[in-house]
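Below are two complexes that have subunit A in common, paired first with subunit B and then with subunit C.
And now, the complex of A and B:
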């Protein structure tokens, strides 16, 4: 009797379990999804509103090989709308489209420069809150309108969102400070002391060819974009932060032009408080370089040249770091996190400094000490020009 | 008067303790929102400060090797007062079980199944738990070793994968917050994960242990649990820095950040697996203890019949406890530590003192015999 009841119970229970455990509520089939690969936010005519553009990578297979010309156009869909908040925009997209939007594979959040100047602190809530949102989404600023970058038809990559993600992955190998994820951005935005930065990209059109160019960094303060660093100044920033691998240093002088490749560049930062209340930052840069290319330098012997090149590289690195630092001081934006360093080293004094950091940062003194090593010269020891001078002797 | 005939070994007991604490580890937001980057220090301080508490539980276990908490209470305070306190404890066990069930539902929703109704998740968990509870202590604790080991393995994998994103400067500055915050943090850590070990006073009669081994296994289990919480907290702080306190589930966020060469990424499923597994264990144990306590109070011999009814009660109770996660978290920070303090610290301490004064453990066997006669 008991057994029979058990049998009946399990026969009833098992199908119920199968139905419930298969989580039918959360099924997402590939053919019912729109996989978002990029989000662009732009300033709308109404300052309260946003122009939202979503780039969707099509899941269609291209194996048929029937058309070459349409493959590029067809690989993405752009959805556009204008709404007060991001979520309202998403709701509208979901209502008006045949498939559900999937934000989990979003590669990049592009902010138009006009919107960035207007302020973005209250615009990114969804990108932190939504359960599909990931903190590893890249944050970038578009020169001009962001939707133009998303709509770019590139030769290298079919989907511009993927292009940006891969480009950043490459730059990340150069220095982790190139890649600004939502986590890094939001962390600085919340901090209030360290100014957030984000890479600027721009779509350029030449001869019917569209390209996306890397155009320096945007500097934020209080959630608003207040200035930018050009590509050279970005170098100065990256070097000042340290942990750089494989990046170029170009030095120009009367004797010629030398290009070095960084094998490893590390920067140690030390802050000290002077008795008169001025913060002094010491950056000790320790770089191992490789000679990439030399042009000129006639009449130098190899040994002289090495010493000369080391000096040249040191002064070039120092110059770039100092230049960038001065630019940020004029912007009054502490992108290095010097305030945070002071906080960590002098927690007691910091309580008083915290509110005055805006006044203190422009007066901060910078001391850069560069130590360069040139262990190898590449495949050749002497250059062609140097060789010639020898023969003439 | 033993309701459940099962017995468990010392190792199982140890891993049960470890699992029980581990289950709280992934929800360590309770302290990390209070003490931020110093949470790991607070955890260590809290653990050290809890050692006397653990010693107190251990002493009670050794003093009354054959009686569980409710029997001890009756023994020490007499039948009337003892039973009143016993009822309060039953409420405590039920509330804990319901709270953990709510957590399981909420966090499963946040991590993997967004659209699945809470009720379904709770029901599935309770049905499986009920099966274990009906089969007694042996089945309840059987998988503790497995769960604890899997947790260690998965957590280690997670930590290794996220290692390159940990920034050591995020741990600085130390001791930067007002003193009160540290006290609050230590209070929370000692009542929410550690003090809840008081439930093991309900099951210690089923453990085959000598006096010395009780201490050994209890402390080892406690140590394993603390290491796990530390292993969860340290990467959280190191990766998230000043954003630590804005996320509901920091561990989920950092596992989502894992990105090693594009291929090894999106590891949050690790979190979901550990979370569901450990919370299931904790709920089952609490559920079992609640059922056992109820059966004992009402002198029901066949406690099995209570299992499903108690399960239904736990589910229903869970849904009425907190209207939202925010309120749950807020009360976990401000109210719960005070509410739990009498159950976890004051009553056991008082019981211990009175028992010592009345020299109860010596006569306990005789009294038990008298009762049986």
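And now, the complex of A and C:
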């Protein structure tokens, strides 16, 4: 009986003790928090130091405020400091501000291009180590200074951090390879074989209007930004990776201009090791397209054009993929993860290749085979221009 | 666990007290042996009777003379208001007054009581009594006592008839489709209402009287051969051993006989609708009908019963199943939503989507209280409003709801006292609570406990609380039947989270019913039309031939 009572008492007391232990440990009322929506890191004057900028979404009381305070200036707070490490900066912010920083809702980590070129391997430790800074954070490179992007006052969204997150979500629907999260970025950075990429954004100011533009991809090697892909080359990269859901293919030729919409584009990658030690990559692209718009092509019906258009689309897709591949070869950055594919298929040989991959990659041969399906011509068969010419005949 | 200890202590005290009481009742019982018998002299008897009823003014005594030439004298005694006057006149007074026996065979005064009972009175229920106390209790129950001068026995004639509420639609359980009659305060009406649903000889009705002072009539009803004899015995035993002063409502009985008196969950069911009680009887449950209340108790009760409504069985199974699932969600919402809101906004902001977080943060901006206090105030206000709405007369009650809901809610937000999301969370909590009215009391209690847990340790506390509630529910029993029965694979799942079509419910609930466990022997889906009525089927039939 005595033992039983002791058991019962301990069963009751233990949870109670646990409660005392953790009581209100992580309790933060919402009105004591600064919700961080963006972090920008820039090169400081002292190369050892960092310029840290935090963007904080400002909360406004719905009840007491009058409707005028809705202008964009009021919707964010920018906190700036210069520190040796990220954590020191955060500690300083926490000391000097009225509220605690909440990093969990951070949308984007913006790295200034100067800092990116200098090297970022030793700068992002906190974003991987701290449990509050989540691996889901988007990584982007700012053309120029990153704090400029965060301070942009936009028409579309009040908070530029939210704008970037939404835009990426939008692009994610096109292809998952557009969206670079901290997890993807850091794992490639650590891997050393596959080069990390990150989208480049730039703030542009025209007629007192500020806009954020998407300016291609930055290519990293050894933690340093070594080059960039322009928007066209990014498409070549996206198509080479496959799993594209909607995207435009623009093809120009003598007869006119054709714009296709990708309904589905899948790419299969195969690597073969030639006896002479050269890696050969075969990309079989299987695309289902839809004719988006046709301009020109006088006197032709879509029926006649079908074969021609398919060829046109195929060559355009092949051209872009090849162009991008050549660019990456000149940069000597394997952004596709071809090295990993070789590793998978030839694990024994890879042991030897691993250290020489930098020398091998520029010599890699690419073979692109494109299969295009054009199931429909859209809602009309002939365009206005085509019909006119037919009447003249 | 501590509760169990307290209960055991209480039981012990109770038992010791009962042994004392038993002695006293024995003493009490020994008194009637010396109680005055009915004597020959009428005036003597009347005096005694008056004394036994404390000389109450509503005891009416009506002396009369009868027989040839008014040879005999007699008296009627009854309580005014408890007897039906036309019955009194037709069954007793008129036959006695018009009784003209042949002069030669005029009976002796001593035999008059016998003669009256057998020959004269036109009543269905006439009892001879030799003790004055029998007359007194008869009078109190609404019967009429007939005393005759010179006769050492009295008659108790059933003339019960008092004003009672007619059978009306029940207030607490309304249905769109289904029977609309509800129980009344009259015991016999209620048992009759149940009998009318189940015209079967195996429907047992056992009478009991409980309450030292109130002498309340209680009827135990069950289908013998279907109900578990053990449960019937347990219910009988527990009611038999009640030693209480008064029973004014079935709630008294419920509290005395339930398995877990300190649980927030009720382990005895109740209903105001005869069809519901009949349905439960057919599943093998026992019904306890208490005089003076329209709420009939049913035992054993399962947790799932709270989520089953009468209408589930009267509407189509798909719709009924959907509504039942919604009811489960409603119960979950009403218990957990305020707690989840507190845990999310105070501890786990990372769980809230960013846009929603900004919306909530904007609403929280400038509100003076921590989120727990804010939620608690609103929940508390809601309980106040609900209670006020129930207690007040109906016209005023509406005014209260308008003041409470519209003015106070809106004003509290615009004054910046509470945030709008809290009001929304509390509103959905309140409305969802009404989906499961039977568990409203447990939900109100658990909700506050969960809120406290969530406010102190976030989701950790919430999950602990949830587990504790589950463990408690799993350990509860109702008259020996596991309370959570109906969710387990061993029980009948045709009528649990979803309601299967009636024709697929072959068995009665396994853990409740006993003996005659099958409702029918075969799986009988609805009939299809005859082949000859349908051309395709007709052709098919031809091929078959």
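Here is the rule we use: the second predicted complex is superposed on the first by the 362 of 393 C-alpha atoms of A that agree within 3 Å, B and C clash if a C-alpha of one lies under 4 Å from a C-alpha of the other, contacts with A are read in each partner's own complex, and residues count from 1 in each chain.
The criterion applied here is as follows: contacts are C-beta pairs under 8 Å (C-beta built on N, C-alpha and C of every residue); 3 or more make two chains touch, one makes a residue touch a chain.
Nothing here was measured: the structure is a model prediction, and the numbers come from that model.
Counting the residues of subunit A that each partner touches, subunit B and subunit C differ, and the larger count belongs to C.
Of the two partner chains, both subunit B and subunit C are touched by A:26.
Residue contacts after overlaying the shared chain place A:224 against neither subunit B nor subunit C.
Of the two partner chains, subunit C is the only one touched by A:107; subunit B is not. In the superposition on chain A, A:8 contacts subunit C only, with no contact to subunit B. Touch criterion not met for A:213: it reaches neither subunit B nor subunit C.
When the shared chain is aligned, no partner comes close enough to touch A:295: not subunit B, not subunit C.
Contact with both subunit B and subunit C is seen for A:134 once the two complexes are overlaid on the shared chain. Judged by the touch definition given at the top, the superposed model places A:186 against subunit B, while subunit C stays out of reach. Counting contacts as defined above, subunit A residues 23, 25-26, 134 meet subunit B in one complex and subunit C in the other.
Here subunit C touches subunit A in the complex through residues 1-2, 345-347, 349-350, 354-355, 357-358, 360-367, 370-371, 413-416, 420, 456-458, 460-461, 464, going by the rule given at the top.
By the touch criterion given at the top, residues 110, 112-117, 120, 123-124, 169, 172-173, 175-176, 239-243, 246, 253, 256-257, 259, 262, 265 of subunit B touch subunit A in their complex. Of all residues in subunit A, only 17, 20-21, 23, 25-26, 128, 131, 134-136, 169, 181, 183, 186-187, 190-191, 340, 343-344, 347 touch subunit B in the complex they form.
If you check the complex, the residues on subunit A that touch subunit C are 8, 11-12, 15, 19, 22-31, 33, 35, 37, 57, 59-64, 102, 104-105, 107, 132, 134, 162, 165.
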